[in-house]
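Each of the two complexes below includes chain A, the first together with chain B, the second together with chain C.
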Partner chain A sequence: MDTAVQIVVSGLTLGAMYAVGTIGLSLVWGALRMLNMAHGVLIAIGGYFSYQAIDGWGLPMPVALLVAMLAGAAMGALIYFCAARFMFRNEAFENNIFIVTFGLAIALENGILKVFGGYPLAQPFSLDGGFRIGGVYVPWQNVLIVVVSVAVMVVMAQFLAKTRMGRAIRATAQNRDAALLMGVPIGAVFAQVLAIAGSLAALSGVLLSSITTLSPQVGFDPMLKAFIICVIAGLGNVIGALYAAFAMGLFEAAIQFFLGVRFALPLMLLIVIAALIWRPYGVFGKKQVTRL
Partner chain B sequence: MAEALLELENIVAGYHNQPVLKGVSLDVAEGSVVMVIGPNGHGKTTLLRCVSGLVSLSSGGIRLAGTRIDGKRADRIVSDGVIHIPQSDLPFQDMSVIDNLMMGAYLTRARADIRRNIEEVFDLLPRLAERRGQTASTLSGGERRMLAIGRGLMAGGRILLVDEPSLGLAPIVIEQIYGILTDLKANGRTILLVEESAARATEIADRVHLLDDGRMIWSGMPADLLKRPEILETYLGG
Partner chain C sequence: MSGWKRDLPIGLVVLAALIAAPAFGLPRFWITTVTVFFIWATVVSQWNLVFGVAGIFSLAQMAIFAIGGYTTAMMGLYLEWSLWLALPVSGLLAVVFGAVVGLACLRLTGAYVALLTLAIAYILFLLIVTDTDCVYYEGTVCRSLTEGWKGLGRYGDYGFRDLFGRDFHLGNYGLALAVLTLATLFSFAIVRSPMGLAFRALRDNPGYAVSRGVSRFKYQLLVFALSAFFTGLAGSVYAGVFSVIGPNVLQLGLLLFLLSMMVVGGVGRPWGPLIGAALLMLVDETLKEEAFAGYRNIGLGLILAAVVVLLPQGLAGGIDNLARRLARRGGGAPGE
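Right, the complex of A and B next:
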């Protein structure tokens, strides 16, 4: 019983962090057909801004979280204004932006290295203490991670479903030309999507570094897992990505417990290969079928 | 004769440096229905895509109420009042009927009367009212076409560009769609309509243009077209 509780607690914590990190990546692919290779460094930027806001500027934790998310949003918007907006009408956009964001990620990672150094830092955005479920100790930090993640996902779901901007993002993702013909300014939508994705990546960086450590490469592993989750869910399928994130979190926790930490990533990659063979449009994706 | 709301002046446009339209001119008077007919692949869809800003002109000009709109971004042309209902990829597939209609009212101008406009669209297209909560991908071809028209009407606008509304539909559905277009004409809407067939020209159009290989080769009243069997035979299969 304790084993099951331990796996569920760890799995939900991992799943919540992966979900927040993956929504942004999935939104960006859905709306722009853009694989954002700078996603990992946006995760790191969130972690470092939170660190700086609390330890450097003495701000309280909730404000630090907001600062980190604003920094991520600003970086996302910068990616649009400095790169994507000059390219997205080009037929080779998907390849070009992949290379550009890859280069940007290297530059920003080195910038972080220059400012903060390469030594791992402790993320001050954390709660002490915890409680017990049977024989399993559950840190409050894990509860905080799940609560913040779920709250953000609920807000995002409402935003996408109910607001004018959310509808415009969904419309653009489904049919760019048709959205244009409704008067949707596509460029502004792309900037908004990248800013939202940046803020979510930054939030995920704060949460992730609070249970690991902060280093310039902290975002690489979660970015890889976010790609895995996106492929399993079906690229651009935001709701599917949420389910897949929690499923992958639980799967990873179980593998870590029963087989060891080193087996988690290879087995996740095996699932991706299986998904690409048997359901290339994703577990939650749909084949394109048109009624006549 | 009412003043021209939309004027195309000798426009040349195409894709990858291959011209599709080779100097097309036409006027659409306020409150009239102008129909462009012609064989498939001869530039009818490109003509509408030029007006709505999805295809750039190589030369020539397009004016709406006397103001140049060519070269503007497509979303700005929509806010000027040009509403384009394309022939395919019509609704946003994963959205409900009501969300699709709300997207039609995306512009600030259209949002002011959103409730009233939705009721008007449902009065005109009662099938959509029955399907209001249904996802667009589950609609039939005819219902999707109706949704595209309803979404266009939600945007308000000064002129409707309608691309082959009868394409791929059963005769009974075509009858319904043309009934809707006739109602819109009776309400004073300005419409630029393109079709492959001339069959409907006499019942709805005020003026007809025949587009062949990117050039207007005949223009006139619909009744005059019927007096030219050689044109109907050569270009439209009789």
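Right, the complex of A and C next:
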């Protein structure tokens, strides 16, 4: 019984963090058809800005979270204005943007290394203490992570469903040409989507580094996992990504418990490979028929 | 064929220059650097077949390279084979591995292929790095199958030390140059064969190509398997030249470095990989200077991003365009 509670607690925590990270990636793919390889470094940027805001500038935690999200949004917008803007009309956009964001990611990661050093840091955005369910100790930090994640997801869902901007984003994702013809400013939508995705990545970076440690490469594993989740859900399928994120979190917690940490990521990657071969358009995705 | 008429003389001149270079007193440091260039250029020229010519966004090339390298190292270490015997075996195993990767990607397109192949490479990396189970003991020292982070060593070399003594690096230089020459000839031959035409047809218009009877199954497996052979050989040569092979060959930084070579040189252009590899090695050597300490990867990342944004066809494409424009201007001059 305690084992099950333990797995559920850590699984939900992991799932909540993955969900926040994955929505951004999924939105970007849906609207721009762009795989953002800089996602991992945006996660790291969020973590480092929160660290700097609390330990360096002495700001309170909620403000630090805001600072981190703003920094992520700024980086996301920068990716649009420095690179994506010149490229998205190009036929080979899908491949080229992958390479460009890959290059930017390596450059930024080493930039962080230069400024903060490679030594792992402790994320100050954290709560002490906890409570017990039966024999299992649940830290407040895990509760905080789940609450913040769920709150952000609710806000995002409302934003996409209700606001003008959200409608423009959904229209662009459904059919770029039709949206353009209806007068949706595609460029502005792309910039907004990348900024939103950047701030979500930064947020997940703050949460994630609060239960591990902060290092320049902190974002790479979560980015791969976010890709895994997106692929399983079908790239661009935001709701499917939420389910898949929580399923993955629980699955990872279970593997870590029964088989050990060593096999968690390799097994997850193997599952993706199997899933891709079995359903190339994602488990929750719909098969697309292309007319030639 | 006009392509061969242009490329064969250029190739022969470059080859002659490279053979003559050590005789004209190229310093030892540069001989070693150029040997490394030969190895990377071999990998990139084969990667270009998959990535550029067939248009499949595979990132598995360094995983194939690692399979070749580790096969050679393990045969030398555990079976005590001569590396010369392990060399072709490494190439063949790499072909098998490449074909399996191709099979796994068969139903995917575009970015999904990139993700899947990246996942395969990363699994390999993680399994090697976390490998700590002892397979045998040396005294009290526990030795694992792949030796984890440290990598494998002490499996010998290609025997140039016994043959040439102090000048063994010349042997490595020659071996790497031979492999690169064969690999380049091979890739040129493939690009200009009917098979290369099929690869390009599937890249440019898969629907039309398939409906004209070009089998995607057959050609995708072929391009993965064919391009894996020399990549595996390059891995084997790398293992022999450095006498150690570790999981660092699977790290993202190196993958990015080789990807930059292909992109900077010109994706899908036969000379692209060689031009790109030579240029990036030079840039890398420059960035290694003390003045740029710590900025090496920042520089490489920014160069890669800038080239894709500003020069999407790479240097080879840029040179082609320039030559065409000059020819047009030259031809138009008398009339003006």
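Note that in this section the second predicted complex is superposed on the first by the 288 of 292 C-alpha atoms of A that agree within 3 Å, B and C clash if a C-alpha of one lies under 4 Å from a C-alpha of the other, contacts with A are read in each partner's own complex, and residues count from 1 in each chain.
Quick note on the criterion: a residue touches a chain if its C-beta (ideal position, glycine included) is under 8 Å from a C-beta of that chain, and two chains touch if they have at least 3 such contacts.
Computed from a predicted structure; not experimentally measured.
Engineer: Mind checking chain B and chain C on superposed chain A, clash or fit?
Structural biologist: Aligned on chain A, chain B and chain C fit with no clash.
Engineer: When the two structures are laid over each other on chain A, which of chain B and chain C touches more residues of chain A?
Structural biologist: Counting residues of chain A touched by each partner, the higher count goes to C.
Engineer: Which partner does A:Leu35 contact after superposing on A: first (chain B), second (chain C), both, neither?
Structural biologist: A:Leu35: touches chain C, not chain B.
Engineer: Is A:Gly56 contacted by the first partner chain B, the second partner chain C, both or neither?
Structural biologist: In the superposition, A:Gly56 touches no partner, neither chain B nor chain C.
Engineer: With the two structures laid over each other on chain A, which partner does A:Leu181 touch: chain B (first), chain C (second), both, or neither?
Structural biologist: Touch status of A:Leu181: first partner only.
Engineer: For the overlay on chain A, what angle lies at chain A between chain B and chain C, C-alpha centres, nearest 10°?
Structural biologist: With chain A as the vertex, the angle is 90 degrees.
Engineer: Give one of first, second, both or neither to describe whether A:Leu265 is in contact with chain B, with chain C, with both, or with none.
Structural biologist: second
Engineer: Does chain B (first) or chain C (second) touch A:Leu104, or do both, or does neither?
Structural biologist: In the superposition, A:Leu104 touches chain C alone.
Engineer: Looking at the overlay, what does A:Ile273 touch: chain B (first), chain C (second), both, or neither?
Structural biologist: So A:Ile273 only meets chain C here.
Engineer: When the two structures are overlaid on chain A, which partner does A:Met87 contact: first (chain B), second (chain C), both, or neither?
Structural biologist: Once the two structures are laid over each other on A, A:Met87 reaches chain C alone.
Engineer: I'd like to know which partner A:Ala168 touches here: chain B for first, chain C for second, both or neither.
Structural biologist: So A:Ala168 only meets chain B here.
Engineer: Once the two structures sit on chain A together, report how near the CA atoms of chain B get to those of chain C, whole Å.
Structural biologist: 14
Engineer: Could you give the residue numbers on chain A that contact chain B in one complex and chain C in the other?
Structural biologist: Residues 292, which sit in both footprints.
Engineer: Contact residues on chain B for chain A in the complex?
Structural biologist: Contact set of chain B toward chain A: 52-54, 73-75, 78-79, 83-84, 86, 89-95, 99, 102-104, 106-107, 111, 137-141, 144, 151, 155, 168.
Engineer: So in the complex, the part of chain C that touches chain A is made up of which residues?
Structural biologist: Where chain C meets chain A, its residues are 57, 104, 107-108, 110-112, 114-116, 118-120, 122-123, 126-127, 130, 207-208, 211, 252-253, 256, 259-260, 263, 294-305, 308-309, 312.
Engineer: Taking the touch rule as given, give the residues of chain A at its contact with chain B in the complex, in rising order.
Structural biologist: My answer: residues 164, 167-168, 170-171, 174-175, 177-186, 289, 291-292.
Engineer: Touching chain C in the complex: which residues of chain A?
Structural biologist: 29, 35, 83, 86-87, 90, 92, 94-96, 98-111, 113-114, 220, 224, 227-228, 231, 235, 262, 265-266, 269-270, 272-273, 276-277, 280, 290, 292
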